[in-house]
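A single structure is presented below for examination.
Naming follows writing order (A, B, C, D, E, F, G and H), and every chain is counted from residue 1.
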Amino acid sequence: MKNVNEIGVLFDHARPGRIGLPEAVFCQGKHISVLEKLLREFSAETERPILFTRLEPEVFEKMPAEVQDGVNYHAVSRTAYARTLPSRPGARVAVISAGSADAFVTWEAARTLEYMGIEHTVYEDSGVAGLWRLASRIEEVNKHQVVIVVAGLDAALASVLGGLTPKPIFAVPTSVGYGQALGGATALNSMLVSCAPGIGVFNIDNGYGAACAAARVLNLFQ
Amino acid sequence: MKNVNEIGVLFDHARPGRIGLPEAVFCQGKHISVLEKLLREFSAETERPILFTRLEPEVFEKMPAEVQDGVNYHAVSRTAYARTLPSRPGARVAVISAGSADAFVTWEAARTLEYMGIEHTVYEDSGVAGLWRLASRIEEVNKHQVVIVVAGLDAALASVLGGLTPKPIFAVPTSVGYGQALGGATALNSMLVSCAPGIGVFNIDNGYGAACAAARVLNLFQ
Amino acid sequence: MKNVNEIGVLFDHARPGRIGLPEAVFCQGKHISVLEKLLREFSAETERPILFTRLEPEVFEKMPAEVQDGVNYHAVSRTAYARTLPSRPGARVAVISAGSADAFVTWEAARTLEYMGIEHTVYEDSGVAGLWRLASRIEEVNKHQVVIVVAGLDAALASVLGGLTPKPIFAVPTSVGYGQALGGATALNSMLVSCAPGIGVFNIDNGYGAACAAARVLNLFQ
Amino acid sequence: MKNVNEIGVLFDHARPGRIGLPEAVFCQGKHISVLEKLLREFSAETERPILFTRLEPEVFEKMPAEVQDGVNYHAVSRTAYARTLPSRPGARVAVISAGSADAFVTWEAARTLEYMGIEHTVYEDSGVAGLWRLASRIEEVNKHQVVIVVAGLDAALASVLGGLTPKPIFAVPTSVGYGQALGGATALNSMLVSCAPGIGVFNIDNGYGAACAAARVLNLFQ
Amino acid sequence: MKNVNEIGVLFDHARPGRIGLPEAVFCQGKHISVLEKLLREFSAETERPILFTRLEPEVFEKMPAEVQDGVNYHAVSRTAYARTLPSRPGARVAVISAGSADAFVTWEAARTLEYMGIEHTVYEDSGVAGLWRLASRIEEVNKHQVVIVVAGLDAALASVLGGLTPKPIFAVPTSVGYGQALGGATALNSMLVSCAPGIGVFNIDNGYGAACAAARVLNLFQ
Amino acid sequence: MKNVNEIGVLFDHARPGRIGLPEAVFCQGKHISVLEKLLREFSAETERPILFTRLEPEVFEKMPAEVQDGVNYHAVSRTAYARTLPSRPGARVAVISAGSADAFVTWEAARTLEYMGIEHTVYEDSGVAGLWRLASRIEEVNKHQVVIVVAGLDAALASVLGGLTPKPIFAVPTSVGYGQALGGATALNSMLVSCAPGIGVFNIDNGYGAACAAARVLNLFQ
Amino acid sequence: MKNVNEIGVLFDHARPGRIGLPEAVFCQGKHISVLEKLLREFSAETERPILFTRLEPEVFEKMPAEVQDGVNYHAVSRTAYARTLPSRPGARVAVISAGSADAFVTWEAARTLEYMGIEHTVYEDSGVAGLWRLASRIEEVNKHQVVIVVAGLDAALASVLGGLTPKPIFAVPTSVGYGQALGGATALNSMLVSCAPGIGVFNIDNGYGAACAAARVLNLFQ
Amino acid sequence: MKNVNEIGVLFDHARPGRIGLPEAVFCQGKHISVLEKLLREFSAETERPILFTRLEPEVFEKMPAEVQDGVNYHAVSRTAYARTLPSRPGARVAVISAGSADAFVTWEAARTLEYMGIEHTVYEDSGVAGLWRLASRIEEVNKHQVVIVVAGLDAALASVLGGLTPKPIFAVPTSVGYGQALGGATALNSMLVSCAPGIGVFNIDNGYGAACAAARVLNLFQ
């Protein structure tokens, strides 16, 4: 029986120079032996740090102890890295979520920012069914340079927030919910047709992408 | 060529006694000669008033003058009736819409209430991209017994309002918008998965249905 | 490995005062350690009772005995609470289902009513393939103030019932069925386009929501 | 500019012998010059009668008078034929519709039966929002050998009827309705998942197909 | 923890008299303790036989030996019954499938016929990618009174067969396939729009329904 | 009011050298003044012939006579060109369609082949509801090097043909049909999941694409 | 017949101060008399300029000459304004489109930028089927601060460009194409799942939204 | 309990003679006992080799050692065969994939070619987010007679490649990705509407089908 990790991989190490964003390894769907190999390789590597996303706790727990010890793993966000990129001082990103159930995406965004050396603040559970939550935070949020909003279900937070901030705003729908939440498609579509103008939208659960978009904005300051 | 209005129709005149709601004629898709016949018949009829919905201005304008004069027609809502039902004093319904583009549905609800003799107030253009609009009206809205909310696009108004009122709340998505508004399906799904609990939802553009639901609640007071 | 229950939660304890409905914890998708913590916290709490929904038997059975003993758990409806809200005498709600397979939703509605102190009667297995079932019950059903109808598949019960009762009627589609039942979307759409007017519709399997809508109506009597 | 009616057509005149059903011409989408040519050809033809379906009044009215006079045209059903097939005595088909808006499909079925020489009775406007309509007719309906049910919206009539008749029952969903009626897909899906067993379903608006299915059953008696 | 089998069930034992079809128990989604109870009850029952459908081998194998011994179980079709209905001599049904992967549906239809005492012949693996398979069987197939065709993927067999038989023909799409087979929706839609006229279509994988439709035709002969 | 034909266009005249296929102008959605300008330009041009596709008769008829005279226009296929490419002798393509309603696609493929100088034969109306049509032609079809099959509705012809020819086979679904034909998506999906292996599928109504695919195969012979 | 322009409108003139973006009037679906009134009002208004989007040429041409003369109208982009906002020097935006058919969206973005006083360059017809088009422009594009990419069909341009620029990149799918282009949904989904990270996506055809997002980024520089 | 492998199977051993392609066994969904029987039968068989596709490692590992030893199994592609068909020298096929996550499809195509005796080269990880990967390989790719392109997500590789090669090109979308990747439907649709002409598309994950299409082209050379 042929080995499953014979698959050809070509890392794009020129990418940071070209687009200002590092490569990442999307772990979902990759065989555990491939992931173990990559985790070992990149935790030993000091020149080119790399971010692992969608690395499920069930998978990570099966790794040998020395592999687990070699990286900084965060279970809620399902991310891992051995070391972060140099910090980018000055600019800051606010990450706001509608509910605690959105945490796996909220923290994927936050951890990607952390990995890229970008300062950020996380504001969870700010959904509009209780508007006072958002009202008490908006002034502070507007002190950041970029706003990432994470929401599932009706994603009403994105529209309300879009009407309260002049900052670049990136919205990530989440797959939270059942029935007509449609695995996140309802939140996605609500964000795309939001009555508040100028909101850039990302794929369902793609906290990583929104963090990269924030980094693209921060590239302008460097 | 056989006549198009030979189609068999059986009016359900026992319906008011059975469910407290009068019959209505849904005009869309009916041949103009059928509509003319029905408009004549029911404007002459004094015992059993009837409501005509989805009667397009383009169609109504083609009717003979005496048919036009025989009914009270309202172009925005596309409704007509010869006379209203007896008024039901005491209870009141608030009809709130997100934008002026939702007017055809907002007023279908309002006119159906008017036809059923139910007092109501209309609050248009209360969308959440400018939260101050809703904030300035919520106290007054909560003085009504039932709230009907009409919204297209992301329908975020329904969720915000659902978190601010303890009243029975009926939500009507509208087909306003383009692209991922999906002809109103995005608004519909947002309302169905709203983070605010206890909101009864209706078919896209069905202002008539929400008014009937309000009437069912008011039936309890009589 | 960071702890999964560090996620930020902000309970909206002002909600009952604002909208007349208590907060609930939607358990699906929450980590078992988070749920255990919340169950402990709220069974000790006597001031602010809370309802747990979508708490699967497989999950509940894994809780320590003292946590299980601290709450009133109901396996069919997958709900739990430590104590109910004060009873609201006078008004009563009928909960009618099409088939026994809809029980998980039927009883979610019934248990939510029980938790909110609202009197109710449950009529299961009243589907229209055998019309005699419904016929024998309709007079009794009409003695209630609000009617909740629960049905999957073609949801024909909602339309038939809507033509036989003048009461506020809230319809919950269920995910029962296979193939073109489309996980409940067919039942949902059938309810939305029902030929019987004034039926408020809820998300698929959302018995909790319909019970909250009934409570909003009963708020009018207090 | 090349002529549009040069398209190659191969009539399948052996079909009646093979499957007991005659050929038909589906007119929608065919160029008016093609239709005129076919109408002339088949009204002159006495050996092989043919049925024209989906022939819109707007199109038929543009035909020369002698072409119009050469066929029996029925505007509601949009069908035409020059002569019918020999009558098939003995067996009878009931065609029942939910509403008068379904007439274009109801009568397509009825006219196809008429063309095939099959006795039939039409019962329109029998929808379940007023159950008394169906109740007063069911005994008579059950005296027919085959039942065709035509309904749009929630198609609840199909389920109710399926629980009241032991006859072969063929259901045709119609495109009547708006919003979540989804152009007839909701009615179609409701019929497919009906709680009443043994109902054969046809494409949206395909009254012709259901009449052919009835003819297949009647083939057994000859 | 409340017992899961307290759910209210009302068997419709008057159904055979009313529509000529016996009741069946759809097992999927029912709790194993409920199924065990029903299997015991109906294997003891001699007056009213009942058919169990969608009873998975994994579930049946967990039943106590005496319950397993009390019924005639068939793993491919996932059906069980304690005894069949009286045989209905004279009429015969052909069940034809496109591929061996469709067997779970093919045999659900066949077993339902067996249970209802209807003679039948099964022709598997007759797909049109090798037309010779069907060609060699068509003459024999046409000696039956009713034809049931079972096919997944493109369901081309239904169209080809519909052009070769004058008999009532009932088509069941199957969920066989991947990707754009869409869980059977492609086969379903292909059957609904088939170029061969008069084919009644059933829900995806609903072999039971097609057998009931065949029984409705055979009701005419008794 | 700014002129609508100021839009920037960059023709890819290097394309034939790179991929062996000439550029084409897709006319649908282009403003009539833009089309007139392009038709004039390319009918004067002798070096670089170009193909116009989706040029509706209603649009073409509005062009000045000298523009109409400058090109070879074919109304059924909605194509135009001033001159063809040099003929490619030797290889031949068969274009087979299921029905005469598919002609607009059938002939788009044929005309594109003609424009590219490729010999071809067209076989229309070969649908499988009457298998004799295909049977009488299959031997002749197999004398061509490439087969293009055009079909709407259930697209069963593609599967049957795929089981009868060893040649490269390209399948084009058409938007012919109503209801669950879903504007050609049912035909498309049927072709994609066909039980006959090795069929390359094209976008709905894309006869042009299939002809280009045939040309890619014929590129191998030159 | 009541007047159609009695609908309540509440302009949000505080919006620029709150979110740095001016209000716009979305004209599609608004009655021509409403549009005429608004165009008159805002061309007279010198304090608060406003942008009109989706103002179709067919509608604009019906306006009285003095209304037409009062605004700067651009037919391709369907936009109008009486005067622009003060120019914002320094920062520049590149607008790149895949094909000339995307022009109505490309220019909606460009005109919105022009109206907001933002410098920009438009690069049309840069699709990847001829990669040389993009290659020759990429260096120049990267001299801008923000990149807007407009593409329909497969939207491959967004992915290729995302891998070649470190700038904030906003992608607008267009409704160009037929069949499986699905009115722009295929382009939208391709952009959302692009293999190039950090691309913010907008609703189908929403060039206005992408320009607002660019303005949000430029807000950071002021 | 009846045996699950009693299902009727009719192998189409005349297929190679008829269409130049051998039969294959699609293993997914088949019972393990059926697969074991078939693997034994065909590894003993020397006259008629057969290919097994979609044979999951988890299933294969449960087979007895002698069954495992009797075939050449490849885990990534999930394929097995006992012996290959005679080699077809001369023509060669390039198989190019966008990412390493597409490997299960890439290698299904490659292994099917190997089984059919067709020379081929595999180029993995050539996605367009790093265009240099494809650029460095295109000249070599164009030395093959047929190109198979395998890509998930936005499938932009297919369009870019289609603009760089004159060879027959067959595109296979993969189910790689999450959210709006829609299980491969986005990649499929992108390929169908590609701006590069003449690309034949296959079902999601159907590497086997593309290899068969390549074989149909190579049939022309023999």
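Descriptive notes on the structure:
Quick note on the criterion: contacts are C-beta pairs under 8 Å (C-beta built on N, C-alpha and C of every residue); 3 or more make two chains touch, one makes a residue touch a chain.
In this text the structure is predicted, and so the values were computed from the model without any measurement.
Note: the chain lying farthest from subunit E is G, by mean C-alpha position.
At the subunit B-subunit C interface, residue numbers used by both copies make up over half of all numbers present, so the two copies contact each other through mostly the same positions. Centre-to-centre spacing of subunit C and subunit H amounts to 49 Å, using the average Cα coordinate of each chain. Work out the mean CA point of subunit D and of subunit F, and you get 34 Å between them. Inter-chain centre distance (subunit A to subunit G, centres taken as mean C-alpha positions): 28 Å.
Shown for subunit H are the residues in touch with two or more other chains, namely 15, 129-130, 162-164, 179-181, 185, 188, 192-193, 196, 203. Each chain pair that touches appears in this list: A-B, A-C, A-G, A-H, B-C, B-D, B-G, C-D, C-E, D-E, D-F, E-F, E-H, F-G, F-H, G-H.
Residues 57, 60-61, 68, 73-76, 100-101, 103, 122, 124-126, 129-130, 132-133, 176, 178-181 of subunit G touch subunit F in their complex. On the side of subunit F, the complex with subunit E involves touching residues 98-99, 127-131, 153-156, 158-160, 162-164, 177, 179-182, 185-186, 188-196.
Interface of subunit C with subunit B (complex): residues 15, 18-21, 24, 145, 162-170, 188, 192-193, 196-203, 208-209, 211-213, 215-217, 219-220. Across the complex, subunit C is touched by residues 1-4, 6-10, 12, 14-15, 26, 28-30, 175, 183-185, 188, 203-206 of subunit E.
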